[in-house]
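Going in written order, the chains are labelled A, B and C, and every chain counts its residues from 1.
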Amino acid sequence: MTNISFSMPMSEPGFQRKLGTVCIFGTGDFGRSLGLRLLQAGYGVVFGSRNPKNSSLLPKGAQVMSHEEAAQTSRIIFVAVHRENYDFLQQAGGEMLAGKVLVDVSNNLRRNQYPESNAEHLSKLVPAASVVKAFNTVSAWALQSGGLDANRQVLICGDNSEAKQMVVDIARSLGLTALDKGSLRAAGEIEDYPLQLFPLWRLPIALATGLTAFIFFYVLTLDVIYAAVIDGEDISFRIMVSLANKVFPIVSLIMLALCYLPGAMAGFLQLYNGTKYRRFPDWLDRWMLCRKQLGLIALALASLHVLYTLIIPFRYYVRYRVNIWTAAQIKQNKTGTFDTTMAWRTDSYYSVGILGFGLYVLLGITSLPSVSNTINWREFRFIQSKLGHLTLFLCTLHTFLYGWDKFLRPSAYKWYLPPGYMLSLVVPCVVLVLKFVLITPCVDRAVTRIRQGWERKPAGSLANGDPKGRRLLVL
Amino acid sequence: MTNISFSMPMSEPGFQRKLGTVCIFGTGDFGRSLGLRLLQAGYGVVFGSRNPKNSSLLPKGAQVMSHEEAAQTSRIIFVAVHRENYDFLQQAGGEMLAGKVLVDVSNNLRRNQYPESNAEHLSKLVPAASVVKAFNTVSAWALQSGGLDANRQVLICGDNSEAKQMVVDIARSLGLTALDKGSLRAAGEIEDYPLQLFPLWRLPIALATGLTAFIFFYVLTLDVIYAAVIDGEDISFRIMVSLANKVFPIVSLIMLALCYLPGAMAGFLQLYNGTKYRRFPDWLDRWMLCRKQLGLIALALASLHVLYTLIIPFRYYVRYRVNIWTAAQIKQNKTGTFDTTMAWRTDSYYSVGILGFGLYVLLGITSLPSVSNTINWREFRFIQSKLGHLTLFLCTLHTFLYGWDKFLRPSAYKWYLPPGYMLSLVVPCVVLVLKFVLITPCVDRAVTRIRQGWERKPAGSLANGDPKGRRLLVL
Amino acid sequence: MTNISFSMPMSEPGFQRKLGTVCIFGTGDFGRSLGLRLLQAGYGVVFGSRNPKNSSLLPKGAQVMSHEEAAQTSRIIFVAVHRENYDFLQQAGGEMLAGKVLVDVSNNLRRNQYPESNAEHLSKLVPAASVVKAFNTVSAWALQSGGLDANRQVLICGDNSEAKQMVVDIARSLGLTALDKGSLRAAGEIEDYPLQLFPLWRLPIALATGLTAFIFFYVLTLDVIYAAVIDGEDISFRIMVSLANKVFPIVSLIMLALCYLPGAMAGFLQLYNGTKYRRFPDWLDRWMLCRKQLGLIALALASLHVLYTLIIPFRYYVRYRVNIWTAAQIKQNKTGTFDTTMAWRTDSYYSVGILGFGLYVLLGITSLPSVSNTINWREFRFIQSKLGHLTLFLCTLHTFLYGWDKFLRPSAYKWYLPPGYMLSLVVPCVVLVLKFVLITPCVDRAVTRIRQGWERKPAGSLANGDPKGRRLLVL
């Protein structure tokens, strides 16, 4: 392994590596796709099959044998068989599989289909072998297509670290990324992974749905129901566009603010604790982990608000009202005086809204994985924190300019309730005030010191600290 | 190779690996860029040159020698020379290159420039060496820039698997992804790859162009030509915006439906065959493979439709018409009554369109490689299938609301032809009906069983099956 | 290491690799995160700590010892300690660290905080060890989260190539990408990397800001100040929307043209030099390297222009003017004749603008890293060069259609100055003319020959050539 003359053929270190043979039990979709990919990567592939003579679908270059024969060709065996058919492994287990590495690639149809994970079940059936759970997160299709467009992460767990390393090496040879998740007890979690449906999005979507429903009924009450009860007018047609265009921006602004609230709260908590090594409460942790999702939903709603606003001029209702109004003015021979304040105010309102939305979209683009991948931590923080708070400020200002002095007029408070847009201002104002306090020089200095590791209390208090370095998540 | 005490320097397994020396023939752009990158990765680099003394451009740290001397320093030689200059290799071949691994990195200027691939040609010239085709898909620029923004996939083929593995190892050391494409016969295909121009987009773009041309002439006939012939009016100015804004949404809706039609057809075909292991007809396969492209073109056209719609209010023609109409109304002292049905209908029409377009954009975003990379198969299917069909439903509903009861009025059928938007409804309705049948409980159960591997006929019929697991492509 | 029968358990080459033990000095955020990830990847981890008994936060499975004991367990030691605390290493250095590989992962708070880089400082303190600078570009958070969304590139430098290789292997085992930056002298540059704030964007942003300021004051003068001085009218409210909607498209068009100007200049320079091997002047190089950023800023401004345009119909000022005008027309009983030329011109103006913007967005999407990653060089050049110039042509045409025949009217030249949009046409027209010359058959043939390596002068002139293959950057 020391320095050898580089001119000697066949013996350079770093160059020579002969890939071994891999055995696959099962000739279904996944087994065949995996075999093809292994062959392409330079491995030898031997399929084990109940019926070796009737396997015409296998990739060219692979051998097919009985399970017993196949098992003898390789130390590593991929078990590409449904869990219901694991029994034959138990019967043959004693001699055939002793000392082998069995890779369980199986998936279930739904969560908690079986009391214990497939891999742990397999391990009990064949205790003489080392079972590794892997490759279940990769689809047969991803294996074939070269994995360009699909998830390329192979989650791996198992009790024998040498066996795991063999599987890691194979995954890497196939151009996949391996991630070790620990002992075989993690198999259940890995088996649940392909059955997940946007787990990080659940809380933000639930929140968005709840807020949307609440705000919808609130503005429905103040607009449609109030008009029906007090004026006896049916303006329910306003639900489709006018009300939607009130609900979406209100929920969007609240959610954008909720995206930045936990960061401010974490800052104050660190100030209060006098250390960054005290663990945040669980709810705050969970909240901070879904900020990206909160922000993206807020962006989607803001985009809808933009579209709903831009169609205003050609709505039938708007055209009708404009016509009536024009006709009335002409009849009364009024020309109307031009109100410069009004022009400044409305134009500022539009302009601030557009700039805010532009920054909003920029935040969305930088949260695309391939973009956030190319920027360093300082750049990421600059965009998501500095530009993020600027976005929140502009959108809040946009709402204030919309309201202008209406909050002073009693007629704006139907049934003594504030109009919807006022509700949307509460959380953003709280966030902006908190943030403003945090960036005043003296507070900022204290927070920065704490985030760099300084502690007010002695180090002995570390015992209840947080080993996950959450400081970095506080934008 | 067994457990060694970890405290012994220089002998830990997994830590020590000395990279060898690599030889490069040719000192052009590509050779120099490759040399620089190899040096950065820790390899020794020796250039072989006709004129070793006149090579001042080479990266620092590389040596330069005559071809003969250079060849002796390494077992692996990158031939970064134009095919026209391969002859000198033949002359020196016997002694100098016997047993060497020659990596052919060459590209041609156009397809079929030579009857046989460059790599196969090289292999014939120097039969004593093992030729590997590789690295031609990576540009000199990508090698220098660290490959962040460029294609990092190295396609590799060759007849000697050990030689290929050496090249795979080098590719990985440079941070590139290696993909083995088989024997040297694949070299032609690999050499064609950099000459490709969006092969997967050809069919969808041709389809979009054809459909656009057809629909354009159809609406041109019914709008402009009809007006010229029947009313003697010249409304050809309508081509630029009004007609464009009919053609784009019509083609977009048809293409979105064409994106989901093959999936439905595949489902019925599997039901009819009673197995998923029967190969689909070739045309259906090809169709299914370009669904993503069909959908993205449909999205582009839908976006144009949105922009063309939003500029309506400030078009000269529209302003003129509004003015005329307002003036006429005022003269006749009509006020017009407010039609609540009309308000509901038009507002619903806009609202459904906006929501449909919002989902459309969401589908587009999730088809970005870096996004689809982070979601699992179930999530991908949820978005592309469930949300995709919902998008199609909303866009179809949008078109129905646009038409409303016009299809009942004979005046809508100029020259007995249906207006353009009616044409656009045919394919979407077919797809939605087929999909509706497929998700009725009893049919859905049968399809699900088949996709999980169940077969109506005995397993003996597998002989004509499909080894590529196309089930997974049926969204 | 030669061919062993594959059926022998535990000895297949390519399968068996036992990962060693890694030592980490320091139990802060980064040390703990790194330790956790190393454990997950299968390494043994030993922490060295001043106070081994008080380290309850460490990841499960790691050992913690005194620095002296820990150092004996591994040849490689990560120094996850602030530079200010490096002194203890010097004291213990002689015996404890001789022959070890010390990995300096430290970062500074600001550039030029210390006269020499931390890694070089460490190397002087402990001359008996091999110092490698690495992992400072990866955040603790990225290490924990599996690196999906964060920068995964590990920049490495050091004077001992074997030591570097050990670090490269560890980085790869953690799923990170290693990039060798050369000797330890590069450490300063690597330490500056996490402190960078969009270095490639500085020049384009400065340019955009300067241009925006200049154009703003130019149109402010011609619109608002001219009206105030000559007509005594206060139209300053126009700043918020009308002026913004003049400034943004003007700057956007100029920047799009500046994005394609250096390519055309490089083409002519190559023609003049008669070779592609002559280095471009430095300013041209720098310009060409920030074309992507120029283009993206231009796209952002164009998007703002679109939004500012689409809100026109519901601006208070516009509604007021329309009302006045309608009333005046009705009073005078004018109907106004429909001007077909006007309809054609304005509709073409909108249509060309929309198509140009559509292509613009397409260019932006293909410059996303994950998209440009999946296309080959020819496809990239097709989009960025062919479609790029088409975009520039459409946007220039859009501006010409906006101006129409106004340039003939003296009234358009207030204070003898051309209106803003005319300024924006200068650079685009220059670029389009240059490009048009370059694609005429005879010039194109000459440029193509040069870019394929042909030289007018003898090869001896290579001495002042460019080793970086800039040909490939000339779109």
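Going forward, a residue touches a chain if its C-beta (ideal position, glycine included) is under 8 Å from a C-beta of that chain, and two chains touch if they have at least 3 such contacts.
Here's who's who by UniProt: A, B, C = Metalloreductase STEAP4.
Just so it is clear, the model here is predicted, and its values are computed rather than measured.
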| item | value |
| --- | --- |
| Interface composition of copies chain A and chain C: same or different, split at half | different |
| Rotation, 0 to 180 degrees and nearest 5, that superposes chain A on copy chain B via CA atoms | 120 |
| Gap in Å, rounded to a whole number, between the CA centres of chain C and chain A | 24 |
| Shared interface positions of chain C, touching two or more other chains | 16-19, 148, 310, 313, 326, 330, 368-371, 373-374 |
| In the complex with chain A, residue positions of chain C that touch it | 1, 3, 6-10, 12-19, 28-30, 32-33, 36, 40-42, 54, 56-59, 109, 137, 139-142, 144, 146, 148-152, 175, 193-198, 234, 237-238, 240-241, 244, 300, 303-304, 307-308, 310-311, 313-317, 319-320, 323-324, 326-327, 330-331, 368-371, 373-374 |
| Chain A residues touching chain C - in the complex, by the definition given at the top | 11, 16-21, 44, 72-76, 99-100, 148, 153, 161-162, 164-166, 168-169, 177-182, 277, 306, 309-310, 312-313, 322, 326, 329-330, 335-336, 338-340, 342-344, 346-348, 350-351, 354-355, 357-358, 361-362, 368-380, 382, 452-453, 459-460, 462-463, 465-469, 471-473 |
